[in-house]
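Next come two complexes, and both contain chain A; in the first it sits with chain B, in the second with chain C.
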Partner chain A sequence: MSTREKGMGIGGLVLRLHLGLVLLFLYVPIIVMAVLSFNQSQLYELPFTFDLVWYKSLASNDRLIDAGINSLVIALINTVVATAFGTMAALAFARYQFRGKSLLQLLLFPPITIPWLVIGTAMLVFFFWTGIGRGLHAILLGHVALSLPYVIIVVGARLANFPRMMEEAAATLGATPWQTFRRVTAPILAPGVVAAALFAFAVSFDQFVISYFLAPPGVTTLPVAIYAAIRKGFTPEINAISTIIIVVSMGIMLITARFYRFGGER
Partner chain B sequence: MANARERRAILSLTAPAYLWLTVTIFLPLAAMLYCSFLNKSPLVPTPAVATFANYIAFFTRPVYRDLTWWSLELGAYVTFFCLLVGYPVAYALAKQIKGRWREALFLMVILPFWSNALVRIFSWTMVLRNGGLMDQLIHWVAPDAPPINLLYSYPAVVIGLVHSYLPYMILTCYISLQAIDDSVVEAAASLGARTTTIFRRVVFPMSLPGVIAGAALIFVPVIGSFMEPRILGGTKGVTLGMSIEEQFMVTANWPLGAALSFMMLAIVLLLCAIGYPLVKRQTDGLK
Partner chain C sequence: MSQVEIIGAVKKYGDVAALDNVSMAFSDGEFFGLLGPSGSGKTTLLRAIAGFVMLDDGAVRIDGKDIGATPVYQRNIGMVFQNYALFPHMSVTENIAFGLDVRGVPAAEQRQRVAEALSMVRLTGLEQRKPKQLSGGQQQRIALARALVTRPKVLLLDEPLGALDKHLRQEMQIELKRIQRNVGITTIFVTHDQEEALTLSDRIAIFNAGRIVQAGSPGEVYARPVNRFAAGFLGEANFLSGQVAALNAGWAQVALGAGTTVTIEAQGLQVGQAALLAVRPERLAIHPSNDTSPGDNRLAGTVGEVIFSGNSTSYRVQCGDPGSKGQVISVFRQNDGQPILASGTAVSLTWEPDDAVLVAE
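So, the complex of A and B:
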């Protein structure tokens, strides 16, 4: 108790002020970018005049729209594949003791910790040699690889607190293994799987580095197209598409947070 | 030990994920290692010969020594500022703010981290450029100040990267601060330790694993960053990552790019090997 009371003193106030400033630091650039996407001026000039002109011009920008559709399709397929395979692996880790299990779990860390630049270029080299080549299929291969470790870890965390007794009870009461899975295991597992799926979607939808190396000329995902556009020079059109992306990905993570508590809070 | 039926279940459950990771991560890394010893790019149809030339180039050409040094320096700056800014936030969230507020604020801190990195870097150009938010704010306070254009400068790269990676540091420090039992702090206080002493001797050393984890999670990708310095730094703040990207996408010298990638990984591993005993001694001292 004493620490908590002390916390309300000057030190506590300073810490809270600092927290507020950090939140400003994190959000002000994003908000400025979003606001300017609704501004009429092409050169980002003030005064601010509300206009949807950049969103309208976005609607007729086929290149960005195609890239957006590519991104969505890849993210959706990635979500299904990574969630299915990842959940299966997580189930194996939670249910069975077997030799090589800790090695397999250790192997999840290279995809997370090795810089994407290295992984992306390695994929470029290997896919070139094996004839897989570049393209949307290669990008999908890469995205699933990046999503799998996250899915296995997130679903695994849910399975760690899994009441095994309930499955055993169902089996004792005469349920077949399939019935047990469908009526007992699946509902308990669901929040973890949904959270993992949303993670997987976000990983793919926001992925730039891997896609950048695996995208052949003329075929792009949204982040790659935006990068190309930024390198050519900024227009408020980029602000508009960026604002849409930020809203979508933050929205997905807010939904994820409903299913999966961050930060070990009980 | 697993019987035949169990073995089949284990195999069929883990095989899809790990086959996928083998084809997309482990075999490519092996292929890249092989590629780094070739004397010409696989794009060239004539057969290549094995050589150490790409690694020798890294050690002998001054440009790579400079690049490595600049990358390490940039990584150190970004990690340092993330710690300086992020640790107090983690401390406030773990030890000072409770209940629903903590949950909401924590989510707000983590949320940008899960949104598009490229877009967040782009958003800084709106703040830093000539006539951007920062310029306008400064001239609103001091109308006579010269025009401020931080875009395409070294500080811009540092600011953008800190913005990108700050949530990592807050998250890892938060987790280790959260794990410190309040009764330890109270015990120190009841034995007469002052607040600063408690922090210096008890809280900070106990949270060190989180600090180290955060530093590693930030330092490694910063050295390998190329998109952030390209957008915010222009030609300033060159990194190993930018050079590697160039070897693959511009000059098409894949073997050199591969060798640079592995040197980058080697440097990171070396730093971990040096850092680990130091950290271990620190944390062992607590037991």
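So, the complex of A and C:
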């Protein structure tokens, strides 16, 4: 009890204030936006009048819907491709010795720290020069390249704690390499792979700069379309689509967090 | 139940030979301990039998059949790992049933055999637990049940009790031995714990630098170590070095420094030859004595450290000239009612000719 009372001193007060401010600046804008997406007034006038008018008008905004579908398709393909290749690469890094391994591992980190603007410019030049050009395929390529390091690092962290002995034990018990992978390695690695897939999805779905650079006229992804719409004049439709995105992505996060405890356990 | 033979096994890692032409045979139903310091090759041999290590040369045979080309999963071996390697995402039942399941054993038979295995290790009632919810000793038993449920030809144990605390380890030693006897399976286990090796094994082999130094029953190897390494690694030994001074009707007189002589069986020794003798601390008798004159099978000295451990006492006795470095001799005595000697007491140490063993350097 006494420690709890001490916690209410000056130090405790500052900590609580700090926590309050963090939550305030993180969540209040999101909540305000979500609430206003249900407000009838275009000019954010009060009193609040509940109406689904902006969701209805969003439904007829083909540009935003097309962009949303593009974003979703690219993010999903990116997730599958980057998670599959990234997991394989992480397994190779963890399990095999080969020439240039340390160099390759070192090369994973710079793309995370280099500003996306720089990478986007570099990709645009490179894709133009090689004839890959711009388009959804180019955007997908760029997203996969960007997400791979995240996947390799996240799965690699899980693998680092994976005792090789489990696989050896499975083999002595008569499991073929495939049975061992399916029934021992994969289930133990699954939380890491799921976390990595979430990262890959987020990197792609949130991606603005690279998509903006690699999108040809007439083709957009959702972040690019939102940016374009805001420049022309803000409408609460943006609030509506943003609210949908938030609800869906938070839902996915919470469900996965429920099934897989991320963190260092086990 | 099977015989395992190792023929001329060689395994090199770079220039280091982990196995340097090792040959040995494990008999049917035998509990065999591989003992040695880390890096001596004992684990490499165990892993070669399991199939995790490919030999550079030589062969592993089970019941006369060379299994060098057989993959691990077809060797039909049971193995218990140092940290048990239980599958964390599976329950106790699923862990034990794993080996049956991958072989396609029908579910009803699986259930029955898992139940048998659990009762064998006396853990009935924990079927639905996850490994994390079990104590170290329980995990160890589950690992054993999992390894034996498939009825393997050979059971391999890699430091099976290394992760347990001392009390539990002694309990599990008895348990392990009981289960092994009941099942009657050929068992090969690796340990660096000499007491464990002595307690559990029907036979042991002492490894050093990729070779077998000595193999035999624990009693044999303990009583008649072949060289300094074997004598010092298995149990404690005092080493006395000297020269053969005289031969007399099958006995040799070995002169140590400072006038002490030791009589041992001649065993083909020649006069003038150097001889190294090993004497176990419990074979020495210690008595208070002011007689500092050297004698036959007798050393004089002064008690240094006295280590009292309840039922026994260990003495470190400084022998030889107090001015020079001399030699510290370990003496072990049961506390059977004789007074415990204090540090500083002048003593003489005596032994019978049988108690000193001639060993190679």
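One rule holds for everything that comes next: the second predicted complex is superposed on the first by the 241 of 266 C-alpha atoms of A that agree within 3 Å, B and C clash if a C-alpha of one lies under 4 Å from a C-alpha of the other, contacts with A are read in each partner's own complex, and residues count from 1 in each chain.
The rule is short, and it goes like this: contacts are C-beta pairs under 8 Å (C-beta built on N, C-alpha and C of every residue); 3 or more make two chains touch, one makes a residue touch a chain.
Only a predicted model underlies this, so the values are computations on that prediction, with no experimental measurement involved.
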On the A-aligned overlay, A:188 touches which partner chain: chain B = first, chain C = second, or both, or neither? second
Quick one: is A:175 in contact with chain B, with chain C, with both, or with neither? Answer first, second, both or neither. second
Thinking of the overlay built on chain A, is A:32 touched by chain B (first), by chain C (second), by both, or by neither? first
Looking at the overlay, what does A:166 touch: chain B (first), chain C (second), both, or neither? second
Winner on chain A touched-residue count between chain B and chain C: chain B
Residues on chain B engaged by chain A in the complex (per definition of touch): 1-2, 6-7, 9-10, 12-14, 16-18, 20-21, 23-29, 31-32, 35, 42-43, 85-86, 88-89, 91-93, 95-98, 102-103, 105-112, 114-120, 122-127, 131-133, 136, 163, 166-167, 171, 174-175, 178, 182, 185-186, 189, 195, 217, 220-221, 223-227, 230-231, 241, 244-245, 248-249, 254, 257-258, 261, 264-265
Which residues of chain C touch chain A in their complex? 50-52, 71-79, 81-83, 85-89, 98-99, 102-103, 132, 146-147, 150, 156
The chain A residues in contact with chain B across the complex are 2-4, 6-7, 11-12, 15-16, 18-19, 22-23, 25-30, 32-33, 36, 44-46, 84-86, 88-89, 91-93, 95-99, 104, 107, 110-111, 113-119, 121-129, 141-142, 144-145, 148, 152, 202, 205-206, 208-209, 212-213, 223, 226-227, 230-231, 234, 238-239, 242, 245-246, 249-250, 253-254, 256-257, 262-265
In the complex with chain C, residue positions of chain A that touch it: 163, 165-166, 168-177, 179-180, 183-184, 187-188, 266
